[in-house]
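Order of writing sets the labels: A, B, C, D and E. Residues in every chain begin at 1.
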Amino acid sequence: MTTFLELLVNGISVGAVYALIALGFVVIFKATEVVNFTHASLLLAGGFLVAKLHPALGFWLALAAGVAGAALVGALIEFLIIRRARVGSHGVLAIVTIGVDILLTTELTREIGTDVLALGDPWRDQVLHLGPITIAETRIVALGVAAALITAFLLAFKFTGWGVAMRATAEDAETAALMGVRLGRVSLSAWAVAGALAAIAALFLCVFPTPGLDRSTTAAAMKAFPAAILGGLDSTTGALAGGLIVGVTEALMSGYQSQLAFLGRGIGDAAPFLVMIVILLFRPAGIFGTKELARV
Amino acid sequence: MAKFGTRARIATLAVLALAAASCASDKAVGGAPATGGDGVKTGPGVTATTITVGVVTDLTGPYASLGKSLTQAQQLYFEQANAAGGACGRKYEVIVRDHGYDTQKAVAAYTEIGPKSAAIPQFIGSPMVTALKQRIDTDKLLTIPMAWATSLLGSRAIQVTGTTYDIDMINGVDFLTKEKGIKAGDKVGHLYFEGDYGESALNGSKYAADKLGLEIVEQKIKATDQDMSAQVAAFKAAKVKAVLVSVGPRQAASLVGVALAGGMDVPFVGSNSAYSPQLLGTPAAPALLKDFYVMTAGAPVSAPMPAMQKLVADYQAKYPGQTLDNAVPTGWSAAMIVDEAVKKACAAKDLSHEGILAAHRSQSTFEGGFGTPMDFTFFDKPASRASYILKPDKAAVGGSVVLKEAAVSDLAKDYPVPVG
Amino acid sequence: MIPELVVSDVTVRFAGLVALDAVSFTVRPGSTHALIGPNGAGKSTCFNVLSGVYRATSGSVRFGDAELTASRPHQVAALGVARTFQNIALSPRLTVRDNLMLGRHRLTRSGFVSAGLRLPSARREAVRHGARVEEIAAFVGVADALPTPVGLLPYGTQKRVELARALCMEPRLLLLDEPVAGMNSEERREMADLIVSVRESLGISILLVEHDMGIVMRIADSVTVLDFGKRIADGEPDEIQRDPEVIRAYLGDIEESPS
Amino acid sequence: MSRRSRWITLGAVWGVVVVAAVVAPFYLEGFWLQTGLFAMSAAVGAIGINLLTGATGQLSLGHAFFLAVGAYAYVYLSTDVGLPTPLAAVVAVILAGVAGGLFSPIAGRLKGAYLGIATLALIFGGQHVLFNAEPLTGGYNGRAVPPMELFGFVFADSPGLVLLNVPFGALERLWFLGLLVLAAAAAFARGVLRGRPGLAMNTIRDHEIAAGVMGVPVARYRAGVFVLSSMYGGLAGVLVALVFQRAVPDYFGFLLSLDYLAMIVIGGLGSVAGAVIGAVFVSLLPQLLTRYSDALPLVAEPGSGGVSPAEAARILYGAAVVTVVLFLPGGLLGLATRLRRVIPRIKELRWPNSAPAPASRR
Amino acid sequence: MAGEAGLEIADLAVHYGPVRALRGIRVTVPRGAVVAVLGANGAGKTTLLRAVSGTLRFHRGGVTSGTVSFGGSRLNGSPATAVARGVVQVPEGRRVFARMTVAENLRAGALGVRDRAKAGEARDRVHALFPILAERAHQRAGLLSGGEQQMLSIGRALMANPSMLLLDEPTLGLAPKMAARIAATIREINAQGTSVLLVEQNAAMALGLASHAYVLEVGEVALSGPAAELAASDEVRRRYLGVGTPETDRPVGINAENAPPDDPPRPVRTLSRWTA
């Protein structure tokens, strides 16, 4: 039971971090209908900046710089590439983002080289004991920050001018433009927000219990794909649900892999994707996604 | 109709070209290994003035850190060897190919440099070497894999240096029972990578556990897994008294960090690939310094041997500011093994692949200046069964110091090593 | 040979909005039937139901013995129901010939294997149907454009290609969604003549959605008027023209609108 | 006149290509032959994914899985079941198709990016199986691939064979097998694309609803193309296994799938020639850079620090993908076509006296 | 306010790719006026509005020559600029943001203006014009009836305090009563000082509202003049009102084709039947 609770809490906190990544993914999709495969490199960029800057600036300033840097990278991708790509299908734009991702990831991993970079966070390896459960402080912070950010995000989406502009654009870009919404700014801000969220996610993916940022950190970003899809690509609530489902599935499957030996060792990695397939079989647009109505 | 005519013409052209092809090709059968002016029989990779050695390594993949240290150490070795006059009146030339831990690229690299190399003093990645095992054997190309899985044994051309992972783990379990109070009936966790590194190691721990009446609690992970919380939870739930670690440095750091933070205060014994001095800069450092041990066949760079101290000094002079880890002496001695084989082959006036290989396999007590003596005359057994026990140490060069000198445990002595 | 199309009590709702409200009408075999009404009256929705693109919330559409409301678009097509689109729905990068050959899809059989291996059966089929495609292209007046990618053609020609593609299906019922929209008078007249030629030559039923009342009055045998999702009139063109309900739907309530 | 001269030009170009391909194994060293063979296998796989992504508009990131099915099925069937190797290869390709078919509930219903991400499950699920089903797959280390044997002729180094004074080892022999397989695969795909199915696929991509209304069963077609494309993947897998002589699970990962997408975008979406050009570009680039790293500016020799050839290759082809989409719609193939249109014009300018080519249309 | 200059469209030509949609269009909307644009479907009415509001690029179209200016200076083809200058379009088919509430839709309408205080005033004005929108403020817009959606669509545009309103078929698909209601509202909005460019199929209503009208045909201005004159002209009556053509005395030919009605279509060619 203790093990179960511990795994569950861990799963939820990691899931919250996945939700942050998935949220960025969803925001970009809503604003520009582009499936953004550069997310892994945005994440790496944010983490890299924090790791490189914290000895000089201290952790908090470095974090701010990392968030700003990743947001800038996101914005630049939008401004220099996405906006200029005159292609008919969004599928091809998705492939462009794959190209950008290959470029950025290669360069960043080259910069990171063979090092394992610490991010200099203030929580280090502290743990909390909640009854019989032990959980890393970073995880609690991650859960808190993710919950706060997601709440703030949902509120902003609902109540700020930016949020209204974003939702209006997502629903009907041309009509939003008729209202005076500058679509370029909306999509630029979506990419920047996605970058910032990815940088914060990077922080929590690279601190204790993982030893630090290195070239393999991108692998974690892959988990955001099933999270975003199974929640529904165009739903912010979906991103949250998807992230949690993926995190909990992964944690439970890894934790109980001895009992689940018949599924093969290391099922934790594949499980989120299998869950995604099962959900897509029943709901092709994801749990909270909207089905598109054909117009002729 | 016109189409058919064109096709026929193309076909005719092709046949003509084919007929002409043989005349000018470099590939035309050139004959057997030649004998040079100095009476030394030469083979691929050897000319009158040079001996080419090929390095197939990982500089951009998951083992980039290992690959970098090994490659730089070997470049240093051959540079110094050349400065000292080379071997057999010839200078060494090193070709480096990076495969980024991609088997296809490794196969491509071997296809490219195999035919131009006299020996391969470094080949990273057991899946890559396994994939090429047959070809390496057919080519009789002396190859030193930088992986210590038992699956690499049993090939005459492939020389696994030192111990294999299973032997390290047997010696490690032995250490746990003798020094850390583990006794029959206790549970011992083993965290290992999928693949033959982890599985070789698991073989060893299972053997030792079987002999000593322990129970092994297995947790298998992938190289991409980063967070070991779930695994620690499982070990804790099983109430293990110690944990064996046959994973990468990152996973090891996460494991000990989480375990210690969660109040799981047990000794950890790692394979030689589970530790890297870079970890001492991460939050896991205190946990690593507390109760973590590394089993390895080669002496660490901090070992107080004259040869080692010279190597450390030379390396630091050549590569200032670069990480100095235990892979440096490993790479260095592998280069030395090749150099010795070439020198012996030179004495026998045969620098063909077969000549170098035969010379290599005639050595039964190779001693490279540091570490344990190795026996190269068998190829279905590890070259050594003695493991050092190291302990992480922040102050030491290379981040670790010898806790116990190399020794062969009784268990390891009688252990039948699985081959292939 | 050509069956009757019977639309009875078809209702379509989208998210609370009623797009079609218990609409019924019948297209007699071999007749030209027009469906008219102001923009947004539900004509396109009706077409989408008939061609299997939308599913009706209730009601039935029978074409002979077949029930169309339960069918997917390709099943409707298999019954010999062809349609054109209001906004051109051709593949712009393919040539006119290729677009028309797609129209032969339901009449041809060659699959991945026979096409891939270029089996004699596939070649024979391609030749036979290629000849028919040329015939139809000539009939519609786009023979010159056969090797040209559709995207490079002027709008009016593209509209004709749409019609040609539908004809390539050898339909028993032809649904035309605003065939003359966006054309000038000359083009309109030609298209109207063409539609009449189609019916004269093939004797098939034609159901037509059109705004241009002139065209409708000249070529339709009967007319159904929709407004706001409801059928407000049904009958011969002459009756329809006199129907006060229809006049009001089109012109707005002149009496009420302040002068 | 113009028609005839076009035939002659076309004939000459093909003549050169065919002669070069036939003569290559007599001159090229093993490394280049191997690279060429990898490119051929990549071309087969790229043709397959171009049928799916380029021609039908369906994104797949799971193509590597089908290569794995092909490769492993070939090994299993020939080694464990004991089928003759050619039969094993054929059945392996069919099995890859079956695997694609099993995915059809997803492949038929989802489209675009949704399908792309859904296919990631094939990669991760597939690798999980490859690592765990050891009796079948050999686990982490994979399995040795038995050489192909056609009518008693073995595609391996031994028994030795010397042809026209050149030793003919496995690579030289496989070269011709690879050429044949690629030519057949390309011809088949061209037939499909130009025939009835190709038109249906293109229309599904351009206007899904129009395709349905024209009588194309859209979901069934999507699933069908997915199966066909999986079979191409399977064939590429068999080929790559034969060249490799080893099947290892690591190879069949996410990055391989990305490579395939890069190939078709760089080469040109939707056509057979585009897929082949892209495959050659992406396969050759890293090898060229590695081989000539010492001669190239900005690219460092491995082990010397700086941008390694492998990294340079990835950066270059990542940039190529972006550049092609931004500036070269139609890919390298489109560029070639455009050049072909420009060059005759230049010729006309240069020889104003030569009779102008009569309009060839009509 | 920049003097008397209202909307000036001069020599405008628009293409969608290779397809020409408008040519040589000259249309003027003086300040404070209501001007109507009539024409058959596909004549280019909506394209004209798109050229003014700057949304052509959403349909892969573009202005190939000519200018659109408002208040004496040019509109550069970006919708945001047009809105900032006070030119706001109510799109055809209402196009409310169905997943957002009524209040949020109104809020979206004010996104193009900077002044927060003015937004409040504008909201009050909208609520005064359409009290139903205040009642339904928290309902999802997709659940409103067609007429209510049209009110919301107009209200949303008014949130930007436009000095010029572009209306694209505002009575489309509305029941006659509702259409009359909308017409009355347009009149009221105009009376409050907003100029209106009205594109309508309902010619009677449009000519009743407008002071001036233009008739488009196949992308060109075929007729123009004061609305009363046009309404009285035989040609317009015949074409768009379908009333009182002396020669044929057709009762109500709606949107009648301008070809002589007594010229029946003839089959031009024949096509043999296909025998499978």
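Quick note on the criterion: contacts are C-beta pairs under 8 Å (C-beta built on N, C-alpha and C of every residue); 3 or more make two chains touch, one makes a residue touch a chain.
These numbers were taken from a predicted model, which means no experiment stands behind them.
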For chain D and chain E, what is the smallest step count along a path of chains that touch one another? 2
Neighbouring chains shared between chain B and chain D, ordered by label: A
Between A-B and C-D, which chain pair is linked by more C-beta pairs in contact? A-B
At the largest C-alpha centroid distance from chain E we find chain B
Would you kindly say which chain has the C-alpha centre located farthest from the C-alpha centre of chain A? C
Would you kindly tell me how far, in whole Å, the mean C-alpha position of chain C lies from that of chain B? 72
Determine the centre-to-centre distance between chain A and chain D, using the mean Cα coordinates as centres, and give it in whole Å. 33
What whole-Å value do you get for the distance between chain A and chain C if each is reduced to the mean of its CA atoms? 47
With chain centres taken as the means of their Cα atoms, state the distance from chain C to chain E in Å. 28
Which chain A residues touch at least two other chains? 110, 265-266, 269, 294, 296
Among chain C residues, those touching two or more other chains are 53, 85, 89
Touching two or more other chains, which residues of chain D qualify? 131, 205, 209, 308, 311
Contact footprint of chain D on chain A as seen in their complex: 35, 81, 84-87, 89-96, 98-104, 106-107, 110, 222, 225-226, 228-229, 233, 264-267, 269-270, 273-274, 276-277, 280-281, 284-285, 294, 296
Tell me, which parts of chain D touch chain C in their complex? 188-189, 191-192, 194-200, 202-203, 205-207, 209-218, 224, 228, 361-362
Spell out the part of chain E that touches chain A in their complex, as residue ranges. 53-55, 58, 79-80, 82-84, 88-89, 91, 95, 97-100, 104, 107-109, 111-113, 156-157, 160
Of all residues in chain D, which touch chain B in the complex? 4, 7, 10-11, 14-15, 18-19, 22-23, 26-31, 34-35, 38, 131, 139-142, 144, 157, 162-167, 171, 240, 244-246, 248, 250-251, 286-287, 290-291, 301-303, 308-311
Of chain A, residues touching chain B in the complex: 2-3, 6-7, 10, 14, 109-110, 113-116, 118, 121, 124-127, 129, 134, 136, 205, 207-212, 214-217, 219-220, 251, 254-258, 265-266, 268-269
